[in-house]
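In the two complexes that follow, subunit A is the common piece, with subunit B as its partner first and subunit C second.
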Partner chain A sequence: MSSLIGFLSLVFAIGINFYLILSRYIFKFQKQKFNFFIRFSSLLTLLSFFSLMYAYVVSDFSNYNVFQNSHSNKPLIYKISGTWGNHEGSMLLWLCILSVFSFFFSFTKNIDRNFQRLTLIIQSFLHILFGLFIVFTSNPFLVNSILVNEGLGLNPILQDPGLAVHPPILYAGYVGYSIVFSIAIAGLFQNTDGEWLYVAKKWSLISWTFLTGGIALGSYWAYYELGWGGWWFWDPVENISLMPWIAGLALVHSLMMVRGEQAIKKWIVFLSILCFSLSVFGTFLVRSGILTSVHSFAADASRGIFILLIFFIITGFGFLVFLLKEPKKSIALNLLFINKVSALVINNILMIIATLTILLGTIYPIIIEVLYNKRISVGGPYFNATVIPIMIPGFLLMSIAPILSWQTNKIQNSKKYVLGFIVLSILVLIQSYFLDFNTWGFVGLLLGFWIILASIIAIFSSYKVKFSIKFIQIINPHIAHIGVGIAIVGITCSSVFQNELDFNLIEGDKFKVNGKTVLFEKIETTNQINFQALRGKFLFDIEKNKLKEIEVGKNYYPVSKMITSEAGILHQWNKDIYFILGDQKNNEWFVKVLINPFVSFIWFGVIIMMYSGFIAVSRR
Partner chain B sequence: MKLSRFFKVLYIIILGFVFFTFKIHSAENINERVKKLTLELRCMTCQNQSIYDSDAEFSNDIKKIVKQKLQEGESEGDIKKFLVERYGEYILFRPLMNYNNIFLWSFPFILLIIGLFFVLIKTKGKKI
Partner chain C sequence: MNRIFILTPLITLLIICLFSLVYLLSGKDPSKPPSALLNKDVPIFESSSLYNAKDKIKTKDIKNKKTLINFFASWCSPCKIEHPLFFEIRKKHPELYLLGFNHKDPTSDAKKYLEDDGNPYHFVGVDSDGLIALEFGVFGLPETYLINEDGMIIYKYMGPITKHILENEIEPLL
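Now for the complex of A and B:
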């Protein structure tokens, strides 16, 4: 029953959007009525989504999608998250978020009525494309042809709280760019001046902030669930999420800087189209099954072709409008080497090169396979060797970019900065002599700390410090950059200075980690709701009587016959001690201990960046 | 102080340090060399995991082979060549710099040079 309601409301919502597009040319609506229909279609799409969720919650196995991806003995939270833990449901979530964005956009005040309406028409167009995609190739409301009492279960690796919230937040980022796309296209059509840029800025900041959160959650999940000790693997799917993120970062920066220069406006439109195109392209690559990963739930060529078609329609349409309707009058930019405008241009160039490099590296194996029928890999070493060096000048620039001047290429208080930089490099040099000397570690630490230090100098020497909301908003760019600096320090330390210790142990053994004694207490197996758990228990630092227990092990999910690893992590502010339980051999358990210094800085840095994103949204 | 000069100073300091540290960094012990090499190899039986990170049987075998060959004095290039002959180029996370991959490797840096020229031309001759 709920499936029927869901399907009907889905179809009805698509119908309304068709009607809205036609209405623009055939009927004449009042604005009120137009917005009413937009909101009504959004609510119908939401209803459709929630009826699917209801089917999951009550384990309605007459729905084929529920039967394929759920099981009645899962905990409630994974029944809910199972809604988007599969291809069909996640596409419905995508559409749902798209219409939620339209819903909120229809409430935007202070913008031209016609402009708002045109933006929403473009949103309707997108809604129809993705709606038809769902109905024809990925319908989550199909009826199960056989009568069953039990489902096949959700992929155990997805049964995790981090991953339950990761897709909605990530999608809010991806799909948020649809609004930016629509705004930019509408801006091109109507050739309105200026006003739309403020609207675009707000929405692109919102999308970017969600995207940041989504990527960070995914990567945190990879950190503790995959049990490999790392948090970023340059996996194709990670790369795909990174591309719109970097392009979106370029967009946000351009929008911050726009001061009526036509050239920048043109660029902003280009970036807006690019961001959404990359989001759709990412969806195509992931869903088509061309890339194998946890994310490609089911490989089905027809879906891939359909999404590829949608991608070409959207991108082609977007860039066609861009070429035909580009803003004509162009005023030359006030570029000096280096003032604020040229810093922005350099930053954008670097970010676009990084985006294109990631794109090339991600699809290159596919190209080679098609051309030469040979399989190659393009992995972490390639991206580390290309993307990171390209970004280094950008990192240097961002340390003082917010206080650069528009008119001149001079910097105030330059002595403070140079002195700060020299002192800092000596400190880092001394530090690195005490630890292992590593080139990348040195560069990373220096850059990270330099960004933090320069931002702090800038805050204290350029503004009068006082505690008010306005002050918080003024220093917000610096705060965001401090966040980046902290994250760079965390990334550098955890990847370069990671330490690995291997042990073969029997129960009751004691061993040393970082000078602290650890007791391997026992191994036990327990039965949980829907899995069997094997856990090794370790007591950390037994001498000091501050007993810290670490549990590490594996889960066996009988429904899907899969084993997942559960890393045991002891979080400390300056390092994570990361336990991995291996196999048993001759009564001895293989235990791997990784010491990851300053991992928490990465998440802390990301949280600061997201905070800055929200503050920037609140600022007009 | 002019900003361009400011950044030149920063850049020269960093490049100097990098050059300096590369010289020191050349001596490594065997385990670090194994780590460095196996981080660049794909575990063929896992999903997008490097041999170093993986504990699969396949990876442990390759780790042993790599260590043994390094001890016998073979160079990294020889070992990679051996592995490519056995498992195909798919095993290398760092694609070879050969004819097929020339575009892959040169593309980012060509873009970087074009971008650099663009900025230099646009800002040339404008002084305050």
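Now for the complex of A and C:
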């Protein structure tokens, strides 16, 4: 029953969007209740999504999708997250978020009515494309042809609280760019000058903030669930999310800086189209099964071709409009050797090069396989060697960009910055001298601390410190950059200064990690609701009274016959001690211990960036 | 000049879509990588017959004739599914040399399997320790390789072959 309601409301919502477009362009109705219909279709899509969720929650195995991806033994949270833990459901979530964005956009005040409607019409067009995709190739409401009373289970690796919220947040980022895309296209069509930029800024900030959160959650999950000790692997799926993120970053900055210059406006339109295109392209790559990862649920060529078509239509349409309709009215670019505008232009160029470099590395294997029928993989070494050096000058520039002037080459208080930079360089050099000197470590630390220091100097020397909302909003760009600086320090330390120790141990063994004694207490197996757990218990720092227990092991999921590894992590503010339990051989267990210094700084930095994102949204 | 800049995204889009489309239509499955040995010479191997240990087969014995090599085992149930097709191939293409490699199987089980289901191969080589399969880069049983007269691997299929694959992919190469 819930499947029927879900399917009907999904189809009905698509119908309404068809009606909206037809009534406007074919029948030329001047619709009075335009917003009503948009909101109604959004609510229907939500209803459709919640009926699927309901089917998951009550384990309604007469729904084929639920049967394939759920199990009545699962805890409630994974029943709910199972809704989007599969291809069909996640596409419905995508559509649902698209409508939610349309829904909220229809409430935007202080913008031209016609402009708002045109934007929503473009959203309707997107809704139809993705809606038809779901109905024809990925229907989550198919009825199970056989009568069953148990399901096949959710991929155990997805049974994790972090992953339960990762897709909705990430999608809010991806799909949020649809609104930015629609706004930019509508802006091109209507030539309403300037006004749309303010609207676009708000929505692109929202999308970017969600995207940041989604990526960070995904990478945090990879950190503790995959048990490889790292948090970023340049996996194609990660790259796909990074591309719209960097392009979105360029977009947000351009939107903040634009003062009516035609060149920048054009660039903003380009970036708006690019961001959403990259999001759809990512969906295509993952969902077509061209890339294999935990995200590709089932490879199906017809789905792939359908999404490729959607990608082609959206991107082609976007760039075609961009080609034919140019933004009018121009103010020339005020480029100086070093002022805000030139810093912005340089940063944008760097970010776009970085995006294209990642794009090339991601699609290169596809091109090679088509041409030479050879499988190659482009991984960490390529990206580390290309993307990071491209980004470095950008990071350097960003430390001072917020205090640059619009009109002149002068930098206020430049002496303080020079002094700060010299002192910092010496300090970092001394620090690297006492630790093992590593070029990347030195560069990363200097860069990270420099961004933090320069931002702090800027806050204290340029503004009067007082505690008001306005002050918080004014210093917000600096705060965001401090977040980036902290994240860079975390990234550098955890990757360059990572330390790896291997042990072969029997129960009761004691060993030293970082000068502290660790006791391998015991191995035990327990039965949980939906898995069997094998756990090695370690007691950290047994010489002190405050014992810290670390549990590390593996889970066996009988329903899907899969084993997942569960890393044991001891979080300290300045390092994570990361335990991985290997195989057993002659009573000895192989245990790997990784010491990841300052890894928490990465997450802390990301949280600051997200905080700044939200503050910036609130600022008018 | 300016137009070229604006056209670039459209051209890039076309190129990306074209390659992706070709990739999708060629039915490539990323979970099954193409063999590194494709279009390379057959690895050097030596194996003795399942029925007579003195009867050997070497790489040079399959030169100058088209050969279909099939890795199978009595314990492999998908092998059982494709098995009857080899009789069909032998009937339709008598000139094709069918070489079976019995993979990690007790001799008695292998013999019984070929007795029950029939033996379509011209020669059944023993690969009891799986070393030959290792040389060929066998991923999982069954796997089938087509070798041309020059001793080059021109086709490889992972998993049980089907009538469709036989007619559309293997026979055009014969």
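By definition in this document, the second predicted complex is superposed on the first by the 609 of 620 C-alpha atoms of A that agree within 3 Å, B and C clash if a C-alpha of one lies under 4 Å from a C-alpha of the other, contacts with A are read in each partner's own complex, and residues count from 1 in each chain.
Rule of thumb we're sticking to: contacts are C-beta pairs under 8 Å (C-beta built on N, C-alpha and C of every residue); 3 or more make two chains touch, one makes a residue touch a chain.
What you see is a predicted model, and the numbers here were worked out from it, not measured in a lab.
Peer 1: According to the stated criteria, A:L396 is in contact with first (subunit B), second (subunit C), both, or neither; which is it?
Peer 2: In the superposed model, A:L396 contacts subunit B only, not subunit C.
Peer 1: Please indicate which partner A:T439 is in contact with in the superposed arrangement: first for subunit B, second for subunit C, both, or neither.
Peer 2: first
Peer 1: On the A-aligned overlay, A:Q584 touches which partner chain: subunit B = first, subunit C = second, or both, or neither?
Peer 2: Neither partner.
Peer 1: With both structures fitted on chain A, tell me whether subunit B or subunit C touches more of subunit A's residues.
Peer 2: Partner with more touched residues of subunit A: B.
Peer 1: What is the contact status of A:K374 with respect to subunit B (first) and subunit C (second): first, second, both, or neither?
Peer 2: Both partners, subunit B and subunit C.
Peer 1: Return first, second, both or neither, reflecting whether A:I363 touches subunit B, subunit C, both chains, or no partner chain.
Peer 2: Touch status of A:I363: second partner only.
Peer 1: Figure out whether A:N574 sits in contact with subunit B (first) or subunit C (second), or with both, or with neither.
Peer 2: Neither partner.
Peer 1: Which partner does A:K592 reach: the first (subunit B), the second (subunit C), both, or neither?
Peer 2: first
Peer 1: Now for A:T526: first (subunit B), second (subunit C), both, or neither, which partner does it touch?
Peer 2: After superposing on A, A:T526 lies clear of both subunit B and subunit C.
Peer 1: Based on the A-chain superposition described above, do subunit B and subunit C contact any of the same residues on subunit A, and if so which?
Peer 2: 292, 374-375
Peer 1: How about subunit A: which of its residues touch subunit B in the complex?
Peer 2: By the definition above, subunit A touches subunit B via 228-230, 233, 235-236, 292-294, 333, 335-339, 342, 345-346, 349-350, 353, 356-357, 360-361, 364, 368, 372, 374-382, 385-387, 390, 393, 396-397, 404, 407-411, 414-415, 417-418, 421-422, 425, 429, 432, 437-439, 442-443, 446, 580, 582-583, 590, 592.
Peer 1: List the residues on subunit A that touch subunit C in their complex, please.
Peer 2: Interface residues on subunit A, with respect to subunit C: 270, 273-274, 277, 281, 284, 288-292, 299, 301, 304-305, 308, 311-312, 315-316, 319-320, 322-323, 363, 366-367, 369-370, 373-375.
Peer 1: What residues of subunit B sit close enough to touch subunit A in their complex?
Peer 2: 1-4, 6-7, 9-11, 13-14, 17-18, 21-22, 24-25, 39-40, 42, 47-50, 53-55, 88-95, 100-101, 104-105, 107-109, 111-112, 115, 118-120, 122-123, 126-128
Peer 1: Enumerate the contact residues on subunit C facing subunit A in the complex.
Peer 2: Those residues of subunit C that touch subunit A are 3, 6-7, 9-10, 13, 16-17, 19-31, 33-34, 36, 38.
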